[in-house]
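One chain, chain A, links the two complexes that follow: it is found with chain B in the first and with chain C in the second.
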Partner chain A sequence: MTKAAPRYTTRSKVLVMRETRSAYLFLLPSLFFFLVFVIFPMVLCIYTSFFDSTMGKNVEDTFVGLANFREMFSDSVFLKALRNTFVIVIVSVPVVTAFSLWVSSAIYKMNGKVLSFFRCVFYLPVVTGSVAVTVVWKWMFNNYYGLFNYVGTSTGLIEKNINWLGDERYALACIIIILLTTSIGQPIVLYVSALGNVDASLTEAAEIDGATKFQLFWRIKWPNIMPTTLYILIITTINSFQCFALIQLLTSGGPNHATDTVMYYIYYTAFKLYRYGYANAMGVVLAIIIALLSAIQFRVARGK
Partner chain B sequence: MRKFLATMLAAAMTVSLVACGGGSNGGSSTAASDAPAAASTAAEAGTAAAEVSTAAEEVSTPEATAEPVSLTFWTYPVGGWGNSDNVDALLASFNEKYPEITVTMEYLDYTNGDDQVNTAIEGGNAPDLIMEGPERLVANWGARGLMVDLSDLFADPEAADIYANVTSACLSPDGNYYEYPLCMVAHCMAINKTIFEEADALQYLNLDNHTWTTEDFFKAVQAIYDSGHTNVAAIYCEGQGGDQGTRAIINNLYSGKFTNPEHTAYAVNSPENIQALEELYAQDGINFDPALVGGGEQDLLRNNTLAMAFCWNAASQTKIPDGMDTYGITDVGDEIIPMNFPTDDGKVELCGGIWGFGIFDNGDQAKIDAAKAFIRFMANENVKDAVLASGFFPAHSGVTDVYAGTETADVMAMFTKDFMPNLGDYYQVVPGWAQARTAWWNMLQRIGSGGDVATEVEAFETEANTAAGQ
Partner chain C sequence: MNTKKKMKITPYKVFCVVVLCIFAFLFIFPLYWIVTGAFKTAVDINSSSPSFFPSEWVMSNFQKLFSRQKAPVWEVFVPFGSFFTSDGSKIPLFSGPVVPAAVRWLINTVFMAVMAMLLTCITATMAGYVLAKKRFRGRALLFTLIVCAMALPKQVILIPLIREMSTLHLYNTIWGIIFPTVGWPFGVFLMKQFSEGVPGEMLEAARIDGAGELRTFTQIIVPMVKPGIGALAIFTFISSWNDYFMQLIMVSSTSNLTISLGIAKMQAENSTDFGLIMAGATLAAVPILTVFIIFQKYFTQGIAMGAVKG
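After this line comes the complex of A and B, so read on.
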């Protein structure tokens, strides 16, 4: 006997229509803000990138076609900022992912209070205001009375004070270290949750079959936490590409552009030099790079 | 219930409409007397007429019979002129004499102020009056033909004692004056007296007039360094904060210049400036610090890390450190002495700020006349109070004792006598200023990283002059 298709009465159709309408009405406010404050600025950004736009400093914007994009690739500061940004991404994404997975693997089986304590400790830098965190780090790296110089000279590790944030050799590394401390909190929380959700029957069965710890992780847990890994990779990549506040608060891109990132250079070009068209062109290029990398990450992860 | 909700909604809408209609721009306030405008409104509405007529009778001056004029006045935070309490008191004085002129204030900040003004200009809603310095009033809006020529104000006898370099800063290359000055400040440097004493370096200072020579400056730095104080001074170059200090020390050491006399091009690439930079870089105890700005440098002087600071002024000198009860000392109580920058020829040229009023040409002669009356009142008749409100120094040499009887009278008198006369050429009106400032601290960073001084100075000048359209 075949199952009869549900019969929609006139009354139920009215109900469905009413619910659909209500759903759209509920969506409307957020849709409005999304369109006005996200989509519209994006479109405006792309549009302005083809103009020599100073948004009011000069009255007329001039259409320049692809000139802003061409200028970008002969602008040594932009190229340096792009290189620095890639260094930050290449270092921070694997380190954040690996470190947070390692920490999560070590703590996810602990009892509730201990687990909460560790989650709290690692998540604290995330919920602490970035300005407060940065001020403390700036003090620790200070050339004249910073903690690192004090400890270094007291223990004989360094002969004299090092201008950590003012020396091209160390400044970018300092930025990356701070970025790591503020980036690992969320991945750890996500990994702890993902590892806790791996089906225990699978791991028990593998253990009975004689699987080693490495095999257990690589064959059972790793595939199960792959969606979480993918998410962490993407958000860490995007956050690393968009590194701005640290640069703004700590080095202003210096010394000698050693810590300039694309995001900071966009801000600087737009709001200090009033070259909105050029800044928007850089924004478009940055968005394309992030989108391409995210797509690659998706494809690789999906393949696995 | 529905009726109740509907009634409440209607009431709320009515209240919000009334609130919208009664206010002016968000963030602005009509601080001046509203008597004439309020009178007409009250007459139309038929309410509160008695109160308003009383208010109108209280202000009986010859000008009270003139036609009412409303002015919009936007001010950047020029010292105390960014504080509505100060400005309201000044406007009250103004309205005692000019009750028919209503002034509506808008307080700008330096982060968004330029955008606000430019947006208003493009929208045809530029304010009638504006307060800032020559780099905006003369070099920017004046050069774009947006401002009213104030030559007639400079022809007044009251303008005769305005300092010559201030007058020239207000003069546009087209021969018009687009700013009438009110106040100014000179930026200097400062030293820690105790550290100098301990290093036997006080002998290199002339404390009678707070001057020293280039030779004595370097001798003093070396003496302090040799005494074990390895961080004597810093050429801070993280950003543009306080960059007038680094420009001043470099320009003054061997009488170098920053721009040409016409303020049309940058002139940093000179043997004098290159020599100054090379000697500063080579000097023990002076660090080119790309992780420091002017404010941070002041902190390092205050906490005895540095023996001197290149970013200083009267406001810094009169700041009382936390936990102390007096000014002019470091956090541990050492005396701070303000100093002119060292020179090789005895002719100090301090960088400074000049602030005054400008009028946007909105095509309404009545408003322009009212705005000129406002400027004459604030910058001539009532200049002492107006300058006092700013916390700076008068642009008129004949205006003295502005701070007499105040807590900081001694410091302000010292600055008036030993520093304000040394205010140098006001070159900030040169085109491409924003880009040049950036190029400046980037150049210092490169030199601090070991870059060849002559090459880097040449690169700076090329970049700055390109921005200036040269």
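After this line comes the complex of A and C, so read on.
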């Protein structure tokens, strides 16, 4: 990343100054949006998490120290939301990674048209947008007019209609299934390009030496696509933690908080209960959890 | 590519293709269900044994969608007018003819996605070039800040953003969605990766020939990183079109909604009129799918390239 550096060390101070000035002129527009609309709210988020704040126009925020954070750990709804979020992450991250790796290794050697057809198909739910995807699944899961109950009862798989999204036992599983269909597209695109970039001479040499398909994959390809795997693990973790649109549109966290996620509970606390400070405190905790998990994944992947 | 010797048909390959086709079917099906649902009659939709193909193609769902709510096709307000009214309301200058609200939502969404795309491409290309090719004070700090910000969940900043936007009188406007999208540092990161591929000798040569900074940028850098700009453009367009959470918290009045929000609201109000909802979903999905299919190649390349050094 720093290979363009060498000849700058001998430059005079005036030149460095001039370069710094012109560099900041180029950076200015981007820096403006970045600092004002990303960094500043981030700081504001941490700051407000120490206050009891209600967004009211005339009500002053009161400093409460760590009370918001303490409340979180005795808030049974938050703990349930945290548990659900972890269930979603623990199921979806390995499934997405393994499935997308399988699909990619099956399609990456196919000819151009077929490859881009499959890649396109698996990317469709991402592009269609969470709202359009969610409303059609809501219809398919519907108790009376839904496709799943019709297919299930007519093939004899289920005895009578199931209220998929209204039943504590099934609701979270339904959410996870929909989430999986919308998170598989990007990893496939990444894996296809990573597998295509694995040095052909390496695999050919291994084949000449009589390596089996299995060895070829684990010894040659897997280490080579490790950076991509790491990236996929991290983005899938972040995306699964942020699962929101599905919950808000399908179940609103119900039945009996069975599908509450942290992201949805943050939204609910801020915009339905107007407890701004508490919502921000949960946001801070969520960010810390995600940062920790990303760091662990990074360590594990790089440590090998 | 040159020798096709490895194209043997093994049982495993047949298995792969069969399973892939099944999954491809499952992934296309919801889309098929949306589009056909939009053209089905109410009887077809509300029957307990769904028909897989509309028994009769009707436009009534779209008619219902377009007659539900109305809004002016465009409105122009006095710039910064809301700073001067006592209740913070905007001062209207002039507005277009009244059309179905869904059309207005579509216009809003296109406007939002296009503006976000243009601003992101311009600012990110400039910043990416500088970060890749210049050595200046604060560069390392800035780059660290960008990488850290990218690793954090975007949703966390959106709640404080509301308060900031209402102070700036940008709450409940499309600009309130556009600005944070432009500020998100992924674009800068992507363009930095692309700019690094520009050979330093070319920049030196331009400098010796007496080209100023701006000339160097527009005549050398921009043409060289065009594939990156293309990828970033499509990526920003699609992701801002689909960024439901941001839209949900930022805008609320009927004439400012985006198409996704409009459909979501409609769904909340009449949750069992699936024909109407599918008509809305079709309207929301078809434009963005068309854009995606046309620019598919750049898009998939761009995502892959941006992640190479992630």
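Keep this in mind: the second predicted complex is superposed on the first by the 279 of 304 C-alpha atoms of A that agree within 3 Å, B and C clash if a C-alpha of one lies under 4 Å from a C-alpha of the other, contacts with A are read in each partner's own complex, and residues count from 1 in each chain.
In the analysis below, a contact is a pair of C-beta atoms (placed from the backbone, for glycine too) under 8 Å apart; a residue touches a chain by one contact, two chains touch by 3 or more.
Keep in mind that this is a model prediction, so the values were computed, not measured.
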| item | value |
| --- | --- |
| Partner chain(s) touched by A:Lys272 [first = chain B, second = chain C, both, neither] | first |
| Partner chain(s) touched by A:Phe63 [first = chain B, second = chain C, both, neither] | neither |
| Touching partner for A:Phe73 - first (chain B), second (chain C), both, neither | neither |
| Partner with the higher number of touched chain A residues, chain C or chain B | C |
| Which of chain B and chain C A:Trp218 touches, first, second, both or neither | neither |
| Which of chain B and chain C A:Asn256 touches, first, second, both or neither | first |
| Touching partner for A:Leu165 - first (chain B), second (chain C), both, neither | first |
| Touching partner for A:Tyr144 - first (chain B), second (chain C), both, neither | both |
| Common interface positions of chain A, toward chain B and toward chain C | 55, 144-145 |
| In the complex with chain A, residue positions of chain C that touch it | 6, 16-17, 20, 23-24, 26-28, 30-31, 33-34, 37, 45-50, 119, 122-124, 126-127, 129-137, 139, 142, 145-146, 149, 151-164, 179-180, 182-185, 188, 196, 200, 213, 217, 238, 241-242, 244-245, 248-249, 260-261, 263-264, 267, 272, 274, 277-278, 280-282, 284-285, 288-289, 292-293, 296-297, 300-301, 303-305, 307-310 |
| Residues on chain B engaged by chain A in the complex (per definition of touch) | 115, 118-119, 121-122, 231, 237-239, 287, 289-292, 300, 303, 305, 434-435, 438, 441-442, 445-446, 448-449 |
| Complex contacts: residues of chain A adjacent to chain C | 1, 4-5, 8, 16, 19-20, 22-27, 29-31, 33-42, 44-45, 48, 55, 103, 106-107, 109, 116-133, 135-140, 142, 144-145, 147, 150, 154, 181, 186, 189-190, 192-194, 227-228, 231, 234, 238, 241-242, 244-245, 248-249, 263, 266-267, 270-271, 276, 279-280, 283-284, 286-287, 290-291, 294 |
| For the chain A and chain B complex, residues of the former touching the latter | 55-57, 59, 141, 143-145, 163-166, 168, 171, 250-252, 254-257, 272-274 |
